[in-house]
Every structure is written in C-alpha cells, then in structure tokens.
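Please read the structure below before turning to the comments.
Per-chain numbering from 1; labels A, B, C and D assigned in written order.
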C-alpha cells in the first residue's frame, strides 16, 4: 500500500487538522467527537444543513462546509459512516434554532447512525429533517433490498439545500427541496482500478489490465458487473443511457450535467467524457444549462468516473447559482 | 493502459471540446492550432497573460483561463510543449494592444517554442515579455545544465500576474512581478507511482511496492533518486527542508503554502501533508498567511505530492486575493 | 460453569475474550468485507472492541446490565458503519433485560439474546436469509433455546456452533440488506462478514462460559 | 547515385524513407525517452513526419530548398517539445543553403548539414557530449567531410555510421541539456533518444542516396 500517511488510524484526524490549518477563516474542527463546522456556526435563525459519511470521498463532505452549503460535516473512518454521538454533537453545534437538515446517503450504516442521532437530537429538543439521497441507477431499487446508493447527487443536494438555508428558507422547505433534487437526479459510475482502504492495506478487488467494473459505488466495493474496457465514448454511453431512461429525462427539459472523477482520473479524461455526455444529452433534446466537472465525490485513489444528471427547475438553478464559499466549491464570493 | 479515452491522438482535442461545452461563458476554444482564450478576449488596453505547455498537467493551464488569471492557454500534446504557431496565434488572439506576458516553465522545449513564437510576434508588432518559472529545488541550477524546472510556482505566477494585468498594470510591471514571484518561490515533489503517457501505453518507470521517487518532475520522468517509502511526516520533512534552505526562507516572513496533488493523491493525504508542512514552516518562524491545497499542477494519474512555498509581500498577497474566475480557481466573483 | 448461571466476572471475561478474538480475526473479517463490501468490517470491530477493552478494566463488576450497556454505548460511538448501530443495539437491548443483575440464568440469557436480535431486526429491517449477522444470531438463539437437558456451558457451545453454521450458510445467499446487496447476484459465494463476527462473539461467550 | 549529386527526387525519397523509419521506430524512441525523459519522443517525431508525408505527395519537386523549408515548417508546427524547434531549425537552416536549387552537390550538402547543426546549437545551446542529438549530427558531419575519395553514396553511408556510433556513445554520458539533465547521474547508462532519431534520419538519407 502506497499512501501519504502516518498511522492509518490517525489519517482522518490528521487530515482534519490540516483542513483547520488550511482554512482558518472558513471552518472550525472539533476533535472528539470529530466534526467540522463553518467558522460562524451556529448561525442564529438559519436552518442548518449537515451531512456526513465515511471518509475517503473528499472533498465530500468536509470540503463543502462553509457559507451557502454545509454548516457541518461528520467524517467517519474511511468508508465507515460516522457514529450517532458525532452526528448529535455536530447537530447541536450548528443548530441556530431553526432546525437542522441531515443529508444522508442511502447506505445502511449511514441511515442507522443518522436515525439514532436524529432520535437523540429530538430528545434534546432539536428538530431535524432527513433528506435521503439515493440516485445510483446501477442498483436495483426495491423494498426488499437496501435500496439505491447515494452518490453524485449528494453534492447537488448539499449545494442547493445549503443555498436555500442561506436564503432563509424554513426547515420543511429546505428538506422538501433537497428531496426534489434527489428525485430528479440520477447517477452511474464505472471504475478502471480499485482503491485501497488504509486499514485493509490492499486493493478491495483486482481488475485485469483490460477490465472495468460497471455500476461501481464509492466505497471500493465491486460494481454490478465486470466488463471489458471500452473507449471513453462507449463507456459514456453505457452510463448515460441507463441514467436517461431511468427518470426518464424528457426532451425539452433543462439539466445540470455533473461528470465526477473517482479520484485518480485525470481532468483531461473527465472532459473527454463530459464532451460525449453533453452530446448524448443534447441528442435526447435536453438543454445542459449548468455543468460541474471534477473530483467532488471520490473513492480514495480509484480511477473511474461517474455521471450525474439532474433535471433542474428555475428554483434549483437559482440556488445552484447562489454564492458559495467552501474549500472545494466557491463562487459569487 | 487503462484510461478514459478514444484514440490517444484525439485526447487533447476532445478534452478541449469538453472544456468549451462545460464552460461556455468563460472561455472559447480554437481548434487548429489548438488554444483556449477567455470568452471576452482580447480585452482592449489590458496586458494579456498567456501560458502553455504539454497537456497532462490539468487544470494547468487551460483551467486557469478566465478573468483575473490567464487570457490564453496553449496545450501541447501530452507532456510535449506547444508549437510556435500555436503560441503565436494565441498571442495574436489575446493581444489587446498593451502587450502579452508569456509565462514559460523552464523546460528546453517550452523555452525554445516560446522563444520562436516571441520572435514571430515581434515581427508582427506585438510586444511580449517572458516570465520563466524555475522553482524546483530538486534540480541543480547551473549555467551548464538546462537549469531548474518550473513546477508549482507556475500556478502562483499565473494567478498573481493575471490579477496584476486585470488591475491595469503595464507589461513591464506584470512581467517584473511574475519574476519576483518566481524568485521567491521554491518547490519540490515526490512520486509514489508513475504515470502512463497515452501514446507510450505503459508507465514511464517502475516502482517497487515500498519505493518512491524523490525530486520528481511533472512529466513522468524519474526523480533525482529512488528511496524507501516513508511515513507522510517524514516525506514532508524531506520536501520542506530543501525548500526552506534554498531561498532561504527567513524567520518572521509571510508565506503562501501550496500543497499540490500530482494526480491520484486523495485530498485526505494532501491535508495530512499540509498539516506537517505548516508545522515545519511555523517552527522556522514563518507565518503561513495563504494556503492552497489540491491537484492544480498534475502529472496525469501519478500519485504523489509537491510542496511550493512562496515568500509573499503585500503586493503579492493583494493580487493573490483579487477576484479570479476560471474553471479551476475561483473566488471573489 | 456448571452452575447454570453467568456472573458478572464471566461476562467481563466474555467481552475480553471477544476483544481478543476480534483482534486476531481483524484481517479475516476485512477480507470477507472486501469481497462483498467495503473492506472495513475488521477495522470497525477492532476499533470498537479495543475501546471497550480500555473501559473494561476499571469497570465495576456488580451489574451485568451496566456492563452490557457500557459495551453497547462504546460500540455505538466507536464502530460506525452498519455494524456499529446493530451491535450497539444488541448490547443495549440485552442490557435492559439484565439491568441491575449481578448474575443471570439461562432464561435471562435467552431473553437477552432474543431482545438483542429483536433490536437488530427493528433497526436494520433484515429478515433471515438476507445474508446478514441475523443469520448467525437467529440460529444460535434457536439452538440455545432447544438445548434442553444439557449444561449451560454446553448450551452456549451449541449456540456458538449454530452461529458458525449459520454464518457459513450465508455463503450461497444473495444479499438483500446492507452494502453487499449492491452486488446483486455477485454477492453469492462469499460468507457474510457480520455473520462471521457474530459467530466469533458467540464463540467467545461459549468459551467464557466453559471456564 | 554515382553522380555525386542529390536531386529533388532523392530528397523527397529521403524524407519519405525517414517518415517510414521513424514510424517503424516510434516505440523504440519512446522507450529511450521513457528511461531518461518523458516518453514522448517517438510520438512527437511520428506526428511530425506523418504530417510531412501528408504534404510531400503534392509538393513540387523543383526546389530542394522549398522542400526542406516545408519539412522544417511542418516539423516546427507539429512536433513540439524540444525536438520540434531543433529539427525544425535543422531543416530551415539547410533550406536556406539549398534555396532555389533543383540539385545539390557534396559541398552544398556539407554546408547544409553544417548550417543545420549551427542552428541547432544556437537554439539549444548544447555542446558536444551534452548527450543530445548534437552528438549524432556532429560526428556525422565530420565523417562526411572527411570521406574523401569515395562516392557520395559512400560518404553518406559513412556519415550515417558515424551518427550511429555517436548516438551509441551517448550511453555513458551524463546529460547536461534537455530534460534528461534533471536526472543528473541517473541519466548515464541510457542512449539519448534525440541522438537516436538523428541517426535514423541520416541513415534514411544514406539509403536514399544509395539508390
């Protein structure tokens, strides 16, 4: 295992310390339990937006803490959801009296830990609302499974909820908007290489030199199926078609197109994929009105890409465009 | 070779097409010869700032085209400097009558191609000034060698020159400021893994499971020496000490600390390195007044890190803080 | 332990033994999780039980419920992931049954295990054969309940054996809960990591009960 | 070619042959560059000569200077890197000497090669033994100049042989120019890619001249 770290058990803690030093005006780090809050938290009277999950997906979530996006982020160990006490303490630290939205990616661990934290927060008199993100079309959605995973749409939900909260919207509105974003967002990804969880010390799976995993998640788990490596344009089709057919996205609609690197993918390659995804979307009669290209929800050093398509309405675009000032996403300020 | 691409010879062209589609209000792409300019180029009466070099270092340079930074970027093939005609055409496209600054990383190929372009521009009556960036302390500086490489400081030179030009400063001033930034900046990097040039199809070198290359460049070339892998803190010392001793950086001074990912390095690890680098800088009596953490000058999918330290003065900080709106670096707007 | 009763000391020995066994098997659990999950189950459990062990030495040994509650709370706040809340719930629910008790008999043990299982299923919504820890704990409880006419030690051993078989029986299953469910059919052919750690815990209980 | 003269057709044959040879050796050149550079020399040269080849078919064959100028301009605008301006300069400087000439004799050939070398050294500031293409071209020119009393074809063959030996002689050298210089002592033990492509070009010239 080749990584820039000291002891694996110190990785998340040391990275948080680094974030605190790198972004002093932007965020504060709480050590035990571990969480990050925006520098001016709690903001009186404002709905707070909190997210969290296993580490290893950076900049998600810590890189999105700041004005116009998240009030707090709770990082678990690598690929391990945070614990109820972490989430509870962060919730308390950012509650400005108007309630706290928990943005939760749909994984059993995240759901249960957030659920317990929500129950504990309620006991303390803090109102929370949960927005569950489950946008991954690679996974079958059924009452009898854990349901779809939350992947790329998480970034969009966090941005749009964060802006709505910043604009003074009420708890129920922010949560409803977040759910609407989730309902209108679909994602899918592929991996060209595995990643290595520091504690495990070796790659989570092995891939032949001409193989890829299709329908990959963001935790180094294998995908839905293994396939032969294809040219970028073909891979982009393999991702775009299931996405487009799932919502389904309808001709004439406006969309936000998000091409996400899983970690080790050169930006050059992401733009090659963006180009083809844009062409496919246009061929379906969609208007790409907003774009995001880069590594925003990663899986350590995995090579691969995920595509997220969000059918936007005027309100979503307005909040997407609203000023944001975080370590990883910044505009208008 | 596992990459998201179609034909290797189309990679740069297709990525440029993707950039044009992803950032329509921000930049325009010229196809033959290949270059990018900010959407409103040429800006009448403003000094233009242009850079370029081999592709594979993204977001450098194309991701830095836009208001407050580069007016144009000329991408060569992967790791291959652009050609004189490319640079000349881009120079013509952005000249607003006040001259054009060429920011050139000190590599034989870049220097010669820019030199020839500068001569051709002069023949057309366009005044150019060249700022040569050569901040890599891993390389011996001598009249009898190609001199030091330009690495991380390039990003800082581009930002600060871009802001000065935006502020209406004259050609000579912008160039002088760029040279001052270069003179006060020092960098060094290490690689944990090699990268693969698409045309070559296989990694540029092989590294054992517990080896790293110390004093690595950004073109996949081997470093100055091979060493046994060390913990992140020790690696950070191995980079910081030569940097600190070289300028030398003096106690009491203000610095900008830039921890750069070479491509495949998780952000988590970059912050671990930042934390230690900050500690070392502080122990030397330096005040880290500005920070940058992320993959800004990369080497395809190489895993590794480079550190750049810039001793800043008030003017540099002012221009660093000035609004910038590019695909990869954005604030204040 | 021919007494048919577990006292607080034995419970502490169980937890200490469990911490050891989890540590010894960290790699195995992680490898099982690598195959159908995200390679963290070993580290998660080891982190949790090492925290528990740290608190155990100083902990008063007069109230089994208090011990189990401490274990549950500690797992809850250190394990994370899916297994954290589930094992946390297991111990917290069991703790309610044995609250204030310095020793517990077979009936209370059975009630505790059953309450733990109910808690896990309420929290995680898993049914038998969903390829989860439920598939080790469920059979263990039925074996323990059915082990009439044998010593407590023997009953615990039979429960542990049933857990082992239950864990092994997850191999052909297609996961319907937890992270492994994302793999669909590809999850078949691998033993569930959580069922395996559950077996290790019950095996440790049997070992402590046998001394 | 016993005439002691190269005509425009032979020059075109040379460039076509060079394009073929470069294409055949793309991998080799890239591998040499991988060892002490950035793995692009083969692709750079292949891209350049394939562009040249595309223009050659239609190109008038009455003016050697014009042909060489076209080659130089095309290499300049398609190769990039260090080799682009250097090979571009080589051909552009040679083109000046043979401007307007439908055929050239040994004296003009020597002048052209020497002008090319001077251009390369002016542009790149490399001295002999800096481990660059200069170390193939320099010895070739000296061999060509010294090949008295032999045919032009034989003189070109001796020049090519000297280039080959010059390229091989770069192996032990420590690079002092170009990208390989960043490796310091580690650059020793590898043959310089640019010296190698220079040899291939001169070898193609000898082959064209022998027909």
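Just so we're on the same page, contacts are C-beta pairs under 8 Å (C-beta built on N, C-alpha and C of every residue); 3 or more make two chains touch, one makes a residue touch a chain.
Predicted model only: the values in this text are computed from it and were never measured.
Enquirer: Taking contact as defined at the start, I'd like the list of chains shared as neighbours by chain A and chain B.
Expert: Correct list: empty, since no chain touches both.
Enquirer: Work out the mean Cα position per chain and let me know which chain is farthest from chain A.
Expert: Farthest by centroid: D.
Enquirer: With chain centres taken as the means of their Cα atoms, state the distance from chain B to chain C in Å.
Expert: Taking the average C-alpha coordinate of chain B and of chain C, the gap between them is 54 Å.
Enquirer: Cα centroid separation between chain B and chain D, in whole Å?
Expert: Chain centroid spacing, chain B to chain D, equals 32 Å.
Enquirer: CA centre of chain C versus CA centre of chain D: separation in Å?
Expert: Measuring from centre to centre gives 75 Å for this pair.
Enquirer: What are the residue numbers in chain D that touch two or more other chains?
Expert: none
Enquirer: Where in chain B do residues touch two or more other chains at once?
Expert: In chain B, 78 touch at least two other chains.
Enquirer: Quick one: do these chains touch in a line, a ring, a star, all-to-all (complete), or other?
Expert: line
Enquirer: Can you list every touching chain pair?
Expert: A-B, A-C, B-D
Enquirer: Looking at the complex, which residues from chain D come into contact with chain B?
Expert: Listed in rising order, the residues of chain D that touch chain B are 30-31, 34, 36-40, 42-44, 47, 76-86, 123-124, 176-179, 181-184, 186.
Enquirer: Can you tell me which positions in chain A touch chain C when the two form their complex?
Expert: Spelled out, the residues of chain A in touch with chain C are 8-9, 33, 54, 76-86, 107-109, 112-113, 115-116, 138-140, 144-146, 149, 197, 199-200, 202, 204-205, 217, 219-222, 224-225.
Enquirer: Give every residue of chain B touching chain A within the complex, in rising order.
Expert: 2-6, 11-12, 14-19, 21-23, 55-56, 58-59, 63, 78, 192-193, 209-210, 212, 229, 231-233, 235, 263-275, 278, 288, 291, 293-295, 298, 300-301, 303, 305, 325, 327-328, 330-333
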